[in-house]
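Lettered A, B, C and D in written order, each chain numbered from 1.
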Amino acid sequence: MAGNTFGTLFKLTTFGESHGKAIGGILEGCPAGLQLDLEAIQHELDRRKPGQSAIVTQRKEPDTVEFFSGIFEGKTTGTPIGFAIYNTNQKPRDYSHIKDSYRPSHADYVYDKKYGFRDYRGGGRSSARETASRVVAGAIAKQILGKVQISAYVSQVGTMKLTKSYQELDLTLVESNPVRCPEPGTASEMEAYIKKIKKEGDTIGGVISCVIQNVPIGLGEPVFDKLHADLGKAMLSINAVKGFEFGSGFAGVQLKGSEHNDAFNPDGTTKTNNSGGVQGGISNGMDIYFKVAFKPVATLLQGYETIDKEGNKVETHGKGRHDPCVVPRAVPIVEAMAALVLADFLLLAKTNRI
Amino acid sequence: MAGNTFGTLFKLTTFGESHGKAIGGILEGCPAGLQLDLEAIQHELDRRKPGQSAIVTQRKEPDTVEFFSGIFEGKTTGTPIGFAIYNTNQKPRDYSHIKDSYRPSHADYVYDKKYGFRDYRGGGRSSARETASRVVAGAIAKQILGKVQISAYVSQVGTMKLTKSYQELDLTLVESNPVRCPEPGTASEMEAYIKKIKKEGDTIGGVISCVIQNVPIGLGEPVFDKLHADLGKAMLSINAVKGFEFGSGFAGVQLKGSEHNDAFNPDGTTKTNNSGGVQGGISNGMDIYFKVAFKPVATLLQGYETIDKEGNKVETHGKGRHDPCVVPRAVPIVEAMAALVLADFLLLAKTNRI
Amino acid sequence: MAGNTFGTLFKLTTFGESHGKAIGGILEGCPAGLQLDLEAIQHELDRRKPGQSAIVTQRKEPDTVEFFSGIFEGKTTGTPIGFAIYNTNQKPRDYSHIKDSYRPSHADYVYDKKYGFRDYRGGGRSSARETASRVVAGAIAKQILGKVQISAYVSQVGTMKLTKSYQELDLTLVESNPVRCPEPGTASEMEAYIKKIKKEGDTIGGVISCVIQNVPIGLGEPVFDKLHADLGKAMLSINAVKGFEFGSGFAGVQLKGSEHNDAFNPDGTTKTNNSGGVQGGISNGMDIYFKVAFKPVATLLQGYETIDKEGNKVETHGKGRHDPCVVPRAVPIVEAMAALVLADFLLLAKTNRI
Amino acid sequence: MAGNTFGTLFKLTTFGESHGKAIGGILEGCPAGLQLDLEAIQHELDRRKPGQSAIVTQRKEPDTVEFFSGIFEGKTTGTPIGFAIYNTNQKPRDYSHIKDSYRPSHADYVYDKKYGFRDYRGGGRSSARETASRVVAGAIAKQILGKVQISAYVSQVGTMKLTKSYQELDLTLVESNPVRCPEPGTASEMEAYIKKIKKEGDTIGGVISCVIQNVPIGLGEPVFDKLHADLGKAMLSINAVKGFEFGSGFAGVQLKGSEHNDAFNPDGTTKTNNSGGVQGGISNGMDIYFKVAFKPVATLLQGYETIDKEGNKVETHGKGRHDPCVVPRAVPIVEAMAALVLADFLLLAKTNRI
């Protein structure tokens, strides 16, 4: 399996299946001398962990990260940071029923076809549990980003949508409710809706918005590794993501150039920000903002029909403990992936000029 | 400048500014023994080249590719394919007026800030002219993809939108009109609209849809290098792109899991295809389809106000020859980038199993 | 710290300091479906581990590998193989005396200069303990290499040198003595010599020879990633290595082309093998053989003079438990690195042709 | 063909066969703002070019480099530097006689086996002509290295060997004779010897020594990408190289640790330099010095016997114009590869610390 590494200099490689002994990773390229706030790292993991509220999976897993290397007397040494998160709450029995059948809209079928067989316990490597390793690395990335501020929040659940832009919202309220929507009224409605969906044994999709502020000018590379292209890949690599747009996004195609162009102020900032903080793949110092679309979780507790390996119809239903809506727990994952992208470009930018 | 290489095994590295001597690239990893159809490569370049119709830039550039290596007696030798496209129609004078000012929503400002100075002729490295090299490599990629069929088309210009899905359209009509929209009636309206916009000295955005058919099951890697994540990055790395969605995309977030899940047929195909041909980052054999949003071109022939390097206001307007709408010429670029992604995963897939 | 990853497709990334919690790694790209012989992996680690005989360090460390992922029901799944070896016998006190001084010919000084500070316990990341992770990955690599046979042995200790070529030796005798020299008489003399050196509180260098047999024709890439160039880098990346030569090596420079050229037999094999099994960077099916020079271990138990961080002279001597001669324990490391190189090229070779 | 790229940040990708239209490359990662001395680049190419003296191949090829991109108004822009060297003196007829036979100790046979067929003109991609592209990139690398001084010279031809160390030689004399040996007496003898060998239609091997002075402390990465490991790979990737040793090299294995260790001076420099300027893979500020062994050129003008594709014996002899001894022309290649390694580590070192 190729493709387990993300980044050029600030580089995360992950391992682990949802129901093996542990998941974890190696973070390379973290500069030496960073005083690490280990609690801040665990805090990010706690934002992602199961069982944190009534609207997420009730699986109880502490998700405590153990660091193996790369940290000495509280500071990064410049050497690779190896870490693991042990899987303490594996219940492989929950999955024995899917051993010989393929769940719709899961990766079961394609794994079998690609590799000849699969680790069928909980989705194996394709489980979203892998993203906990990203959150660890992203939390370290945030600490090298200094004043750069990354704020993600839930802006849509099903058809319930925030209409305000990020500038009109109070982003300090994101953590004030289990949905992670910064508008309390809408958050309550979303929460009630997710509970209803859960009771139906069904699931629902959603959108996460993210804004990155105080970005230095000059991050990103002009051709293939454009800042927004790497952000897009980062987001699309998160489980269940179906779309990414930044700045004016899909709506921007309806505008004329004379409406869409961002006129300069004398100081180089721009009067509008349809560009979303990126010009030609390079940050221009304005806020970077983007949206990420998540499909409804594929595992349904309600009954459904599917096929087994021989193509026979089977009647089944999801067991175990699953999220009715993935976006509340995905907020820290979106932030982590954004932090990884920015930290990498920040290091690369040190080599721009002679 | 990092980030000039795309791909892991089937790997394109490009060079060149719009108004230097030449642009070009090196394509590595192309397997030996492929009988190359050189006319097909030039044909793809011709689909992208300027001056091909009344609704694109009237710059006249033949865009003839010269191959330096890697081909012997008509076949690929397995060695790197070096190539160049000479810039025959440089008119640096067209750009002398922007030498000391920053065009709104162009990369001028960020290049100066990132590198300390810039090649101001025609956008330099950030010019969309770079994509001609991608079209060359993509045309070779198409030839190793065999029966895999990649078809892109214009599905929206400004607010004018195709409402039919790709299954309802006759994709053989894409090349029948200069807009590259497969519905002739809509194409005519779009064409008229683009002409009107051009007359105003303005520009307009658009959307390109793409469908990839006959994809083998098992392409793509499960974690960071998911098939759709690499397609997304590929598209977002094209100039002027602001968004990417595949399968059910942003609309899919409104669905419940019970509506969104793609139920299996006994043969492993699915009854619906909200997944867009990819499960867990791996192709499942169903059609892959996605949309790419392009902003309106930033260069306006109408007058506008901007700033110079000292932050003083300057009144100016675009000179030279520019596209009023980028999507007709971007269709072959979208196809080329998709072909590069698929060819790379096709090679990687040879190493999946013992 | 860049440079913790080895390989293109079959790719090992390692982490860990000698006296942290654990060392370990992630092995990516191992094809799915390989029935792993876990005992064979532990056996290779045992060949490398401390305390195995009277002529190696008397540190007692079990060096048991724990696999976290990538293996299911005894077979590789195609996903990353995460693993750790816990450091059970850390005695950081052994190193407190070097906290503020720089040991001659160790990496202490350069780490401080490069990173601003260092993990001074046992050499930290620069300890040869890191190579245990390579042995784990190399043992897996050996299992995908099938009939390819990699045999390393000690051919020189100090001035005591094997004069016979590998063809004249019985390589099944390598493991019959603690020196890992396949000529029993010479082995005894080397063993006695190492004991004498050890008693003096001194150390001595040595040479490891390696032969790789039954290599398929066509492994290796023609330009930078020549088979022998990657073998050379692999060997030079092992602690204490000062030189690498393959085939006729340094002695071959004295020959004329008419003497050095390897004439063909009608079946494509060659009458002589000065080329060492590689032509133009690509294996030709003949035996690959090479030599690796190891300097004497820098840690001396006898007293010596050095400097502290302020440049003051300090009198000190090595404490802890160290090898008087590194080559006996380095034999499995040389084999492991050779196996990693070959496994990677074996996978790459699957993509040579259309 | 994988493996056409060298470097992590300062990265050269090359293309081209000896008798195609052109060879060349793309140099990525060169920082912006470097005032390029183009004459110095051409000067390095001239040192490598054929026909420069009576003891090298008499092929007449100007080897003029043409730059396509990445340079504006004399300075690097930070974008990829594309370049080509046109093959002006192709005489494919010289090679038609080898179309169906395999030259001993050439790559002909392995190319056919690896790729299914080959470009038989002059060795195709495996020709040492490819190294001209490395010399171009290395000449640019030298210009970003500032005060770092790289000096290579011929220290052995056949059995004729310099006995003095580099400190005892006057390295300003390297270019004073066609052999590039800094000891005039020995140089004359070597020259006469090479002429004699040439007259015999034979060839002879040699050794190039190289010393790198004024290296900043802290270049190189501690594990796989050790400074000397990357130097070793760089050298072993040059055509005809059979061995690499640095510092005390193969001779050092005979020393005891108490003899080999480099004691510190109070300022951190060392009294001896058996380490060859590198500790644990990282430069320590002392001179880096190493030796590279080159086999005798395989192409003989005298008659020899070989096989054709069907395994039949054929009598033949080399035609065309070949070097009787490769080391005089390889001196600038060794320097170029060393410069590429150092420039890359210099950029990487900018990201060591927070």
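Everything that follows uses one rule, which is that contacts are C-beta pairs under 8 Å (C-beta built on N, C-alpha and C of every residue); 3 or more make two chains touch, one makes a residue touch a chain.
The structure displayed is predicted, hence computed values, not measured ones.
Colleague: Can we say the copies chain B and chain C touch using the same residue numbers, with more than half in common, or are the two sides different?
Modeller: same
Colleague: For the pairs A-B and B-D, output the one whose chains share more C-beta pairs in contact.
Modeller: A-B
Colleague: Which chain is most remote from chain B in terms of Cα centres?
Modeller: Result for the farthest chain: C.
Colleague: If you average the CA atoms of chain B and of chain C, how far apart do the two points sit, in angstrom?
Modeller: Chain centroid spacing, chain B to chain C, equals 46 Å.
Colleague: Please work out the Cα centroid separation of chain A and chain B, and write it as a whole number of Å.
Modeller: Centre separation, chain A to chain B: 26 Å.
Colleague: In angstrom, rounded to a whole number, how far apart do the mean CA points of chain B and chain D lie?
Modeller: Computed from C-alpha means, the inter-chain centre distance equals 39 Å.
Colleague: Could you check chain C for residues that touch two or more other chains and list them?
Modeller: 1-2, 4-5, 9, 14, 29, 32-33, 78-79, 114-116, 125, 222, 348, 351-353
Colleague: Show which residues of chain A lie in contact with chain D when the two form their complex.
Modeller: 9, 29, 31-34, 76, 78-79, 144, 222, 347-348, 350-354
Colleague: Would you tell me which residues of chain C are touching chain A in their complex?
Modeller: 1-2, 4-5, 9, 13-17, 20-26, 28-29, 32-33, 66-70, 72, 75, 77-82, 84, 114-119, 124-125
Colleague: Chain D touches which residues of chain C in the complex?
Modeller: Chain C reaches chain D through residues 1-6, 8, 14, 102, 104-107, 109-111, 113-116, 123, 125-126, 130, 156, 158-159, 197, 200, 202-207, 217-218, 221-226, 228-230, 232-233, 236-237, 239, 242-250, 252-268, 270, 274-276, 279-284, 291, 293-300, 302, 304-307, 311-313, 348-349, 351-353.
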